[in-house]
Amino acid sequence: GGDGGDGGGGGDDAVTVAFVPKLQGSPYFEAMNTGAEQAVEDIDGLEWIYQGPTDASATAQADVVRSMIQQQVDVLIVAPNDPDSLAPLMQEAADNGIKVATSDTDAPDSVRELFVSQATAEGIGTTTMDTLAEAMGEEGEYAIVSCGETAENLNSWIEVEQAHQEEAYPDMELVEVGYSGEDSAANAQMATDFMNAYPDLKGLIGQCTTSAVGVAQAVRDAGRVGEVFSVGVGTPASMVPYLEEGSSSGSILWDVEQFGYLTAWAGLQLGQGNELAETNAVNDAITAAEYSADDSTLLLGPPTVFDAENAGEYDY
Amino acid sequence: MSEQNTAAPAPDTTLVVQSRSEETRMAAIIRTLLTRRELMLVVALIVLLIVMFSLSAAGVTNGPFNGRAMAGNLINVVPLAMLALAEMIVILTGRGSIDLSVGSIVSLVSMVFGFMYGVWGMPLWTSIIGAVVVGGLLGAVNGALVAFLGFPPLIATLATYYAYWSLAIVINDQQPISSPEIQELYDTARSIPIFGSGFPSIPAGVFLFLIPTVIVVWYLVNRAPLGRRLYAVGTNDVAAKWAGIDLVRTRFTAFVLSGAISGLVAVVTVGQFASARPDAGNAGSGMALPAITIAVLAGVAITGGIGKVSGVVIAALLVTWLNAGILLLFPGNHGTQYQLLALGVLLVGAALLNGYTNRRYHIIG
Amino acid sequence: MTDVIPRVRLTGISKRFGAVRAIRHADLEVLPGSVHALVGENGAGKSTLIKILAGAESSDSGEIAIDERVVSFASTTDAIAAGIATVYQEPQLFGELTVAENIFIGRERRHRGVVDWKKQHGEVSELLELMGLPERYATVPIDELSIATKQQVAIAKALAQDASVLILDEPSAILTDAEIDVLFGVVRRLQERGVAIIYISHRLDELFRIADTVTVMRDGETTGTHAIADMTVRSIAEEMVGGLEVAENRRRDLTGAAPVLELDGLTRGNDFRDVNVRVGEGEVVALYGLVGSGSSEISAALWGMKKATSGRILLDGGPVAPRSPRHAQKLGIGLLPADRKGQGMFSFQTIAFNISAGRIGKFARGGLWFDGKKARSVARDMISRLAIKTRNERYPIASLSGGNAQKVVLARQLVEVPRVLVLEEPSQGVDIRAKEEIHTIIEELADQGVTVLVVTSDLPEALRIADRVVVVRAGTTTAEFGPDATQVDVLAAAAGDAAQTEEVGS
Amino acid sequence: MTDLLTRDIPAAGKRRTRVLPRALSTQEMVLIGVLIVLWILLGAFTPNFLTAQSIQPLLASAAPIALIGIGMTAVIVTAGIDISVAAMLMVCAVVMAKLMVDLSWPMPLALLAGILLGGLCGLFNGILITLGRVHPIIITFGTSNIFMFLGWRIFDSKVVNGIPTSVGVLGRGADGRFLGVPYSFLIVIVLAALLWWYMRYTAGGRHFYAIGNDQNAARLVGIRVQKRTIIPYVLTGLGVGLAAMVAMANGTQTLAQSVGQGIELQAIAAVVIGGTSIVGGRGSVLGTLLGALLVQTVTSGTIQLGWAPQLANFFVGVAIIIAVGADLLQQRLTRKAS
């Protein structure tokens, strides 16, 4: 778990940045936390609070956000489960003198002053589709196994994927989008059912970190490696075995720890009232994070495609 | 036989303290606390507040635990207490009555309300009444299954739990509705300085939804003829039948009320989240389980016939402030995890206490 | 006789339930090969005493000795192991299990750890034959049997234990004469095998057919043990009652009064047929029948709980068909149910609650606002009118003694004085004093013009309060007696003596 | 006398000389029929439903539901219920995974430890329920939260990566089959057969029914009700341990906190669809097995028909109502007949 500061942004000049992920225990957000804690070590005057709800729902997340407002943190960064639900709460935080920002998932209609973006939805969706298309030979049926029905960012990626496919790969066909929650066994069973429902199915997308592994597992269990190709948005450590055996053709993600670092750093800037430059050198790894003043978005960079070669280098 | 007649009437077991000479003061206090759950809850609440205030004053907490914080957290009490009252009404009627479907009703009615108010542009009051009516209808399905057809309540509401949840998701292709009208509803969740600037602001939902519901439920349970029938049926349904009480109608009404309150909770959650969400009442472990937990903690007997509105409200406050306190005490993920533990221990403890009290003071059997 | 070692010896047993002293000081000695009757009024403590012997209740003090060895039973298992088999007043059977399983439950015949179904089946067949039941019952689930057959299964089950002590708690109450003959045959055979039998019954006459010895209990005490040969029904009854004077019988001839309630050829399938009763204004008529005679079904029909299939119910001359208790109430009928605990009491609710529960609408102002004050004041009024012994109306009814609880349930019917009051077993399980008080209340009601139908299986009660007694036997009204009937006449009619049957109804 | 005796029993068809209670209930026979019809229909209207590569994973996915449902049947027969199984499953799964990954225990040992832990959790439930003499639904709501807390703490906010592929033999993969049937489902069959035998043929098993029928009467005939009541909870716990193992194998090489979410209601659904009475005293493990298959058939069938997968829950709800409704109707008819 994350380490809290002594809270309240007491007498010292330290800036307390609180981050509320979509849910706790997800390797993705825990990796962000790891990166942020590195930032705390590197940068003076940064304090970091990380507290997440036990389930990825707007309800549970609101409780934690409310608690952060009560704790009078300096900067509040949220990865909203439901941006619309969170907008009013962010307003409330702002009314209480807290600087608010989003990370990972944006809440465009809110008072957030900054969105720290891992990659654009454009970038993720397009890269995912390109990776799948390449594996499938740019033709055939594919299906998407997503997780929460209402997860805003997953749904926006699905939109991009579909649009990009229609435009760039007319010989491919999306046959079904299913939602099976965050349980990889359920994800895998759904992928299996898709393969049975559409015997000619050639491609599968696992839209979240559990289903990225789930669809690959389903391909492995069905013994159809090489016939059905899967890609997904999975964390590298969990994807390694599947990438190596070929049940997964690629995992589209970004350097999550660096993304956490960037989020913490951006929070500090916000708290200190610093203007962001158009390109920001944050540390050795993040040398050119682009900031767009139009939509107040700080971008980590393009997504990375993990494959059998590079996935093993990460421990999340 | 004359024993029973000549001796003083057997001492009361629940309401009046036994002949004081025989019972020590301490025993009397313990008996009162055990048999009057709402008093025990008040004591627990006071202890919690004292502990939290002192910890807060000592600077151990991550943030101040003060009137403002407490007032802010009342926002959580609104749906929780309302659903717990709904559960109480159902559980009171006994024979294993329980409503597992309240969370799914909240989800489904949220969407229906979202359509009515946010999409079809119906007036607010009409939409709210519509939500309550639709909730009542969904509850009526439960009631019909249980009261008319004889389904065990657990089964009937398990089935509708699945069915309503599924409908909530497919009704709008799993998309939440958050049109501008809906977003403005957040005003109902906003805090308002009702007692003037010197006092902490209270979430509007408390006045708009919770207090009216508490008053109505209090009236229904304690003053309406229906309430008498609920307690009678829950205490002994055979005797109720012989006394001329219509069991079917009473049980049916209980489920309808539970559904109607859940429908109103849907409006609350739509306001609170500024969007109508198909998972409003099913996210995580759902809303039914916490509601049942509050009811049990409040001393509502799962066997029926025992339970009080005041107990439910106090229990909801206790759990909400306890949860808030835990978040302030434990940073990081541990906070939300300890909430689980606290709820579990409270529930098991309350249940064991209910069991012990019933045996010790022969309340049942 | 005295030099035989008693099989069972209970000395100085006492037992309290909260404030109720169910057993105060009971001694009992049962010899092997004897049938020992245990009698006493309702609530005298008979069932409690034998439950203590059966290990189902613990005693507060006293000693149990089997074959002069002092034992202590922590559970029924211990008692069963010591050779004590019990048939409880309410048959303890499992509806979903078969007859064979029920007979062996808890002591299954096993073969290498597995239930030996064949062997059990064989033994069960023998037992069923002994009880005069067909063998094919063995695999029938209990729920598919009638109450009387269930009772017989319960006895068969006790027999299967191969016990040295057999306790029968009112086994004959729900059996027909033919079934009782079978039962007695079984008892005699066991007696010959040297089994000690404790036999509880309220039918004193049958004791002279079966018992050797009788012990009388009163107020939780055993008052004496006698050889049955030295006793008569009358002497036993006197000892049970303890010499309390019984008041004068009510005997008024009101046959001329305008009929208020008439049952005309009322019939319902197997439950009852061709029932004819007429009750006039202010009259008290007793519908007397032994348990199982169908009289309770007749009152259920009056109360809208069961539908008559043919015949008519007339109220003030007009036909009515009660659909539900509520409808019956609206027609002006009130009913006191027989089973106080099961059908009458809301046990952990207050007296005021219990009194108002039958007429909730009455206490609701405008049908919307339940007037608690009024309910309490009515309750206080009832408490003083019916002399209910309690400190106040806010005590739970469960804290009252049986007689006082009965008065509370009765008070529920009097909140709005009904035109016709049906009282089922109004004094069952209450002590003599309370019984007398309840009878006085009934008389007063009748004097106020209430039409009263008392459905009872208590003959002295029927004769004590009724202006006329109508006898129900095997589901139909067979005889009617005016004010000068004697016990013997009525009993004979109820037992089926054709010579005693007079013309019925009007 | 004779007419009195024959009056009790509906005349027709009772003349066989059975020694044992009925082997197959009507509900079970109907369920078998419904399953056959469903499978044929699905086979006709989907491209692949009736093929090995669809049925095998279906069996594997039904296995955890069945494994939990089997124990739950015994619990419900005693008139109890266990809501905590999902949380318990998470605890067992994470302990198994961590023992293998972090402490490098050999797989069988780690799995065994996890299964025993399930039994221990069940024992905890059983003791609280019998000693506290409180309604089991309340106690297990509470322990569910406690187990969930434990599970989350053991997960320590991380997923467990790198679960050995050897666990996969218990999953839906091709290497885990015997005569084409997934091992996990074979475990289900063996366990169901064992418990079916136990509940039908042994005294201890019959006592579950007696307790569920009438706990007080059971006490009076000398059944040690408290001790007996604990056993089904322990059995359920062990079943949950096995289910955790299978769920892990059905999942991926990564174990996350969401494992098993919602399975408690699926298991209860399987039990009641299988004809076990929720008020106790009646039911059988065989019905539960069929119920689990029905639940998973409905879920997979909905997807394979190309309908919105979210509708599956709706059909599960409808299946519960039909199954229990049919049972109620049948009971009402027999009661009328007698």
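The chains carry the letters A, B, C and D, assigned in the order they are written, with residues numbered from 1 in each.
Heads up, the rule we're going with is that a contact is a pair of C-beta atoms (placed from the backbone, for glycine too) under 8 Å apart; a residue touches a chain by one contact, two chains touch by 3 or more.
What you see is a predicted model, and the numbers here were worked out from it, not measured in a lab.
S.K.: Enumerate, in label order, the chains that touch chain B and chain D alike.
M.R.: In this structure, the chains that contact chain D and also chain B are A, C.
S.K.: Would you kindly tell me how far, in whole Å, the mean C-alpha position of chain D lies from that of chain A?
M.R.: 36
S.K.: Return the distance between the CA-based centres of chain B and chain C, expressed in whole Å.
M.R.: Their C-alpha centroids are separated by 43 Å.
S.K.: I'd like to verify one number: the distance from the centre of chain A to the centre of chain C, where each centre is the average of its C-alpha atoms, in whole angstrom.
M.R.: The mean C-alpha positions of chain A and chain C differ by 74 Å.
S.K.: Considering chain B alone, which of its residues make contact with at least two other chains?
M.R.: 169, 174, 333, 337, 340
S.K.: Please output the residue numbers of chain A that touch at least 2 other chains, ranges allowed.
M.R.: 1, 24-25, 54, 149, 179
S.K.: Among the residues of chain C, pick out those that touch two or more other chains and give their numbers.
M.R.: Where chain C is concerned, no single residue meets two or more other chains.
S.K.: State which pairs of chains touch, listing all of them.
M.R.: Touching chain pairs, listed by label, come out as A-B, A-D, B-C, B-D, C-D.
S.K.: With touch defined as at the start, can you tell me which chain A residues reach chain D in the complex?
M.R.: 1, 24-27, 30, 54, 149, 176, 178-185, 188-190, 192-199, 210, 213-214, 216-217, 220-223, 237-238, 241-242
S.K.: In their complex, what parts of chain B are in touch with chain D?
M.R.: Residues in contact with chain D: 96, 98, 145, 149-152, 154-156, 158-167, 169-170, 174, 289, 292-293, 296, 302-303, 333, 337-338, 340-341, 343-348, 351-352, 354-356, 359.
S.K.: Taking the complex as given, what residues does chain C use to touch chain D?
M.R.: 54, 56, 75-77, 80, 86, 88, 92-98, 100-101, 105-108, 110, 113-115, 117-118, 121, 132-134, 136-141, 144-146, 149, 176, 178-179
S.K.: For the complex, give me every residue of chain B touching chain A.
M.R.: Going by the criterion above, the answer is residues 61-64, 68-69, 72-73, 75-76, 169, 174-176, 178, 183, 186, 189-190, 269, 272-275, 277-280, 283-285, 323-324, 327-328, 331-337, 339-340.
S.K.: Touching residues of chain D toward chain B in the complex: what are they?
M.R.: Those in contact with chain B are residues 81, 128, 132-135, 137-139, 141-149, 152-153, 157, 265, 268-269, 272, 278-279, 308, 310-314, 316-318, 320-321, 324-325, 328, 332.
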